[in-house]
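The structure that follows is given in the form of structure tokens.
Which chain is which? They are A, B and C, in the order written, and residues in each are numbered from 1.
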Amino acid sequence: MSRPSRIHAYISSAWRYTLLALQSGITFPILVLYKIVGVFLYLILNRFGTKLNKYHHDGYTTLKKTTPQDKARQFINKFDSDELTLLECGYSQALYKSKREMKWLLCYIQSEEHEDHLRFKQNVLLSPQFVDFVNSHDFLVWGGDISQSEAFQVANGFKVTKFPFLGLLTLTVNSTPTANGVTTSAPVLSLVSKVQGYQDVYKVITKFSKAYDKYNPTLITLRHDHEQIEQDRQVRRAQDEAFERSLNVDRERTRQHQLRQQRERDRELYLKWRTLSMKPEPDTSAKGTYARVAIRLPDGSRTSRRFNKDISVEEIYAFAEASSTGIISLEIPPDVEKPEGYEHEYSFRLIQVMPRMEVSCDDTRIEDSVVWPNGNLIMEEKE
Amino acid sequence: MVEINKTRLLFFIIFMTLMIPGPAPPDGLSGNGAKVQALQQLKDDISTSRGVLFNSTYEQPTGNLTGLKLSYQDALEHRNISLYPFEDRQGPYEENQRYSILPNYVRKLAIDSLNSEEETIQALEFEDEILEHPKWNAISEVFGSDVNIRAESHGAFWKNITGSLIGDFQRVNHTFEHIPMPLPPYMKALLRSYNTNRTEGDDNWREPNDASSFERDVPNFHVDELKTGNVTELSGNLKVNIQNTGDSSVEGSNGSVRVRLQIKMTDIDEVNIHSLALSGVYHPDSGNLIATTRSAKYAGSYGIPHLNFDETHYNRSKAAMSDWINQTSVDEVDVTMIDTLLDASLGCEMIAFLHFNSTNLSADEMRMIDDELWNPLGRPHKSIPPIAISSGVLYSPDCGLLIKATGLVGEREEVQNKRIQRVVLLGIILLFAQIIFSIKQMSATNTPSTLSRISFWTIAMMNLIDGSLSMLYLLSSIVFQKLYLQLAVSSFLGFTLASVFEMRYMILIYTSQMNERDISWGVALRGTAIDDRNNERIDERENPNNNVGTEEPLLPLNQARPQAVQQTQQQPRIIQDEQTVSGQIYLRLFFFLIVFSFLVLNASLWPRKDRMVFEYVVLLVLNSFWVPQIYRNTLRGSRRSFGWDFVIGTSVLRVIPIAYLCLVKNNPFSHHQDQLLISLIVIWLGIQIFVLVLQELFGARFFLPDRLLPKSYDYHPVLTAGDLEHGFGVEHDDEGVHHEDGKCKVDCAICMNEVEIPIAKSSEHLTNIMNRRGYMVTPCRHIFHTNCLESWMKYKLQCPVCRNSLPPI
Amino acid sequence: MTSVLPKGFTMMPVTRYLTGFVICAPLLVSLLGIKHLLVLSYDPFISSWHQYWRFAVFQTAFQNESEVVVAITLLHFALKHLERLYGSFRLASLLIWSSLYNVVLVSILSFLVYRVLGVNLFVSAGPYGIFFTLLYLYWQSTPSIYRFELVFSGVPGSPNPAKLVITDGIFVKILMVQLFVSDGVLNSGIPSAIGVAVGALIHSHILPGKSVDFPLVIPFLRRYAARKPQPTRPTVSDVQDESDDERDATAFRDDEQDTPIRPLGTQLLDTFRT
């Protein structure tokens, strides 16, 4: 089959062009007219509509200052992609974040009216290879549209001459050899590679990979240094904590010791006071007003005492305690006072022998308790 | 803070103070008493004349105007001018020679020529009188030769006739009666005071006709042969240049305007040139122009109305002239006017009657054309016809000459300017092309070894031509003021080409060839063999003061070494830095440019023969810019220096303007057709280029027999086995040497590949040229591939192995 | 963070050629002496002489060099942004479309005004309409970077002083006004106003211009640009990219001095230094 001749090609293209011209010649004016009518309608309705709005809406318009975060969020909403996660902050915050986390920052500035915009977005930015690249290398991505003031300034700062723009920033160090050896300056975030205009996705990846390979070692070193420093700091912090802890333990122990001593003193004091404040033994003549209680102390000895029937059982306990500790026979100065903040607990139980029943230490009157009129109790240590 | 050179500033201030003139004294007077008096008298005279013009009517005769007091009849009767006014000349004005300055026959001729297309002026009846004039035969020989056929109808006449026309003139071979025109007394007094101040032998100043002779009534003055306007040849070239100066809307003028004419009559060989300045009136309704000169002895302008032959034209002329007079006041007359009038009074006065042919366009179309030419807007108009004068009469009253003007053709001035403009634009394009060629050439030779092949003088000559062209353009931009923009642009381009590009090139060449200044021709042709080089090194060590110090000892000395060493000892060469060099070259170039420009400008005023000789010589010399290059090629033995596109390009570009001037007829610069010149130039250039071609093909010295020159170094010698053993770049006890039959393999140090060298068994064994050409051997006996070493030599002429300097290829 | 566009015309060929054209066209037109062919007014030219080609040609060259200076200043400081915003081909297409619309609208307007109102409109020569179209588009798509206040009060600290709040786009607007009135308010104002109208129409997509390539010319240009062979060896642009990156990798510097100041003679001599 022979190729169609050149004349044929010319004629066919000429025919095509004339058809196209005819088509656009007919449709174009109608389109323009349609659009003009649309504009008029829109204007009219808008004016009408705002008049209506005035009666309904008593709203106020606040001049809400849009923060960079809001602008970033707007942009992300418009960008509308699931694969690529963009930072939701202003540019300077993105720089700060990248610097702090020691990560690469990919800066994307787009121009929506550019002829290559859609093509770039589809084929490069959202292509799986590029997304993989970005995610695998753990880039932070910041995006902006040139119609925003911040992105505009950024583009001018980078001296961008063609959109869409992709810029790769990372921390770099300047090492200059001086007389005292190589001095490295402080790491500064700078642009190491940029892609302006539409390029094939593989080219873009290659370019960025090249820059990545070139500058990543320093970044890794920096990160390593940073981590080292962090680790050191952590170790030190752990040490400090341990020290603190042991210090606390020690302190606790001494405190407990002190408490216990205090408690002992208080107990003695309380016992003395309690003994002092014991009700006097009723006389044997007042029959029927007292109960006779005999207590067998843990060392085998037995004591007994008469208690008034109206007194609580707690008196028996006090007596038992005092007897067992020998305070009962001591001379107690009369100015002993009850120690404050001390709650006494009896470390024993008084149990009736037959039937075996505990006499609990509470406010029950002796008259009501089991030891009326006589009682025989055993003092048992509480475990 | 910029440091100001104080002396330069002072110099500049003094210069400006001297150059800027102080306020000029009023009336241009510089304290000359006689002149002051004469000026006052002149002003009075002019006022009187103006009064006469304003108040005159057609019936009154020409009044009390200088030079017009005597009519032709009065002159025939030899009346005494001091008896003016005469009683029988008081009556109404008659159109004959009793009242008019024109003789009757001249009147008839004038009327005939003015009526040549349409009878606008009624001729009066005096035919018989005329035909009886004794000299009528002589007159009719010249004037009666063509028959005026009046066309049935004609188109419109020109409204505005600014332009130049060229044609021929014929003189009637008879001198007619001279009308005496004495100087007014105040002028005479002034002249006497001049003459007492001037030296005796001053040829330039000739006393005009002595008035006293008139009063003696003896017409015995000597008409000087060289007087301006005194045309002695019988025929020649006539050039008329007309400028419309008046306003055509003056009341009463009906379109008639005042015009200014410049008439130039020359003979064929342009030996005698007569230039006259006239002023007059042009009537657009009939296409007629009447004009006259004016001087101290003849106030012709005020008498123009009466030179029209009927009343209507009289009134129109009067209105036009009155309007002109009203525009200037008498008080503006200054002393230079006196000198102008006096100078003009040395020549013959001339009255001109010219008829401009009608065009075949209608009046509306003519108006459209006129408006468009005056104020271009892009109006649609028909093509502009040329201006033509079919017939004209020139009459000199005081020298008695009668001249017929025939066949004058020309263009409107605007049209002519457009043509020149197109030519200038073509020149601009040519200059652009030259600039491009120069840039390409310069970028092709930016290494010192390629630069050293180029001849300094070739570029210098081209530079000179371009520089003087640029100067000429600049000067002509002052002259042709309408074309200022185009001429300024081409001058600027030419200046850039000359001063920036070519000058840069010249400086480059100069600096890279500076070290050749002291080396003689014979010495420069050879390179050093290594033994001599060693000797030189020893020498250098012994004389550490030798300042042989450029980076590349380009052409080391040979047998002339001892004397060269002596030379360098005597004059330690100062290495000039680029700025000094460039300053020097600039100065010299500008000096030459100025001298040359003046010479050329002066030459344009010489008579034709001298001019042609000058033209031939100068153009042939200027177009031999390849000769220095040929010389240099021979000197250095280099085959090729300039790129071929540059050679052919510039030659063609430089020939094109000369070809235009010589071959195109009616070119705007009025250069005659000269095929001989152009063919000579083309042949001469062709010869030079042909020699260059031959030099490339056959080697630079093909035309010189061998015995005249010392041999230049041969880079492709035949090597024998014996040479190899002597250590020709071959280390002996190594593996690289393979002795096979007839071939040896060595490593080329540049590309690290092997070089195959054919070995001759003995020195008589011939090898073919091809094998020889594949390798090159340096004087220090290192062997390389031809391509490798040649490419290397483009950068530096040093051996890559041992840095011995190499002779140029 | 600056608001100054990058210097030079790297990667902006359309603006480069437009600048060259705006400068060279008036020069050429003067040189060839055809300036009077660019004049346009309805009365003599169109109505009597029917020189309709004037509509097509009047936009070629400015008549005065002061307008050229203002136009070039605008191009250099503002309209370069448009090229990187739209892309080179789209900008070229936009230029052609806008010149076409301007021609059509100017002709319609001058015709209507003459027939209906009897007024003879004189339209200044030069690409006013194109410039104002571009300026309108620039105005719409460029954000303002900063604002500043001019406070008109005698005593500082007085309450409620008269204030004027101006953004940084004022400088471009001043130049726009200068261009608008450069030839007289009506003469140059009319093509400028038409240019603004065309810009508004294009921006709101009523007229095709931003989205549609101009037929025949732009596809041809695209094919021509794509036909350039891709070099296999590393080209100057690749090396330049790398060196750009190298330069960017050092710390940010706002204004770099490229070369030291040299006297004119040295500059001339250095032109061809190898």
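Just so it is clear, a contact is a pair of C-beta atoms (placed from the backbone, for glycine too) under 8 Å apart; a residue touches a chain by one contact, two chains touch by 3 or more.
Per UniProt, the chains are A = UBX domain-containing protein; B = RING-type E3 ubiquitin transferase; C = Peptidase S54 rhomboid domain-containing protein.
Everything numeric here is computed off the predicted structure, so don't read it as measured data.
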Chain whose mean Cα position lies farthest from subunit B: A
Chain nearest the overall Cα centroid: C
Inter-chain centre distance, subunit A versus subunit C - centres from mean C-alpha coordinates, in Å: 55
Distance between the centres, which are taken as Cα means, of subunit B and subunit A, whole angstrom: 95
For subunit B paired with subunit C, centre-to-centre distance based on mean C-alpha positions, whole Å: 44
Subunit C residues touching subunit B - in the complex, by the definition given at the top: 30-33, 36-37, 39, 44-45, 49, 51, 54, 265, 268-269, 271-272, 274
Of all residues in subunit B, those that touch subunit C in their complex: 376-380, 418, 421, 425, 428, 442-443, 446, 485-486, 489, 500-501, 504, 507-508, 578-579, 582
Partner subunit A, residues of subunit C touching it in the complex: 1-6, 10-12, 84-87, 89-90, 141-145, 204-208, 210, 215-216, 241, 244-245, 248-252
Residues on subunit A engaged by subunit C in the complex (per definition of touch): 17, 20-21, 24, 28, 32, 35-36, 39, 111, 113-116, 146-149, 152-154, 156-163, 172, 174, 188, 190-194, 196-197, 207, 211, 215
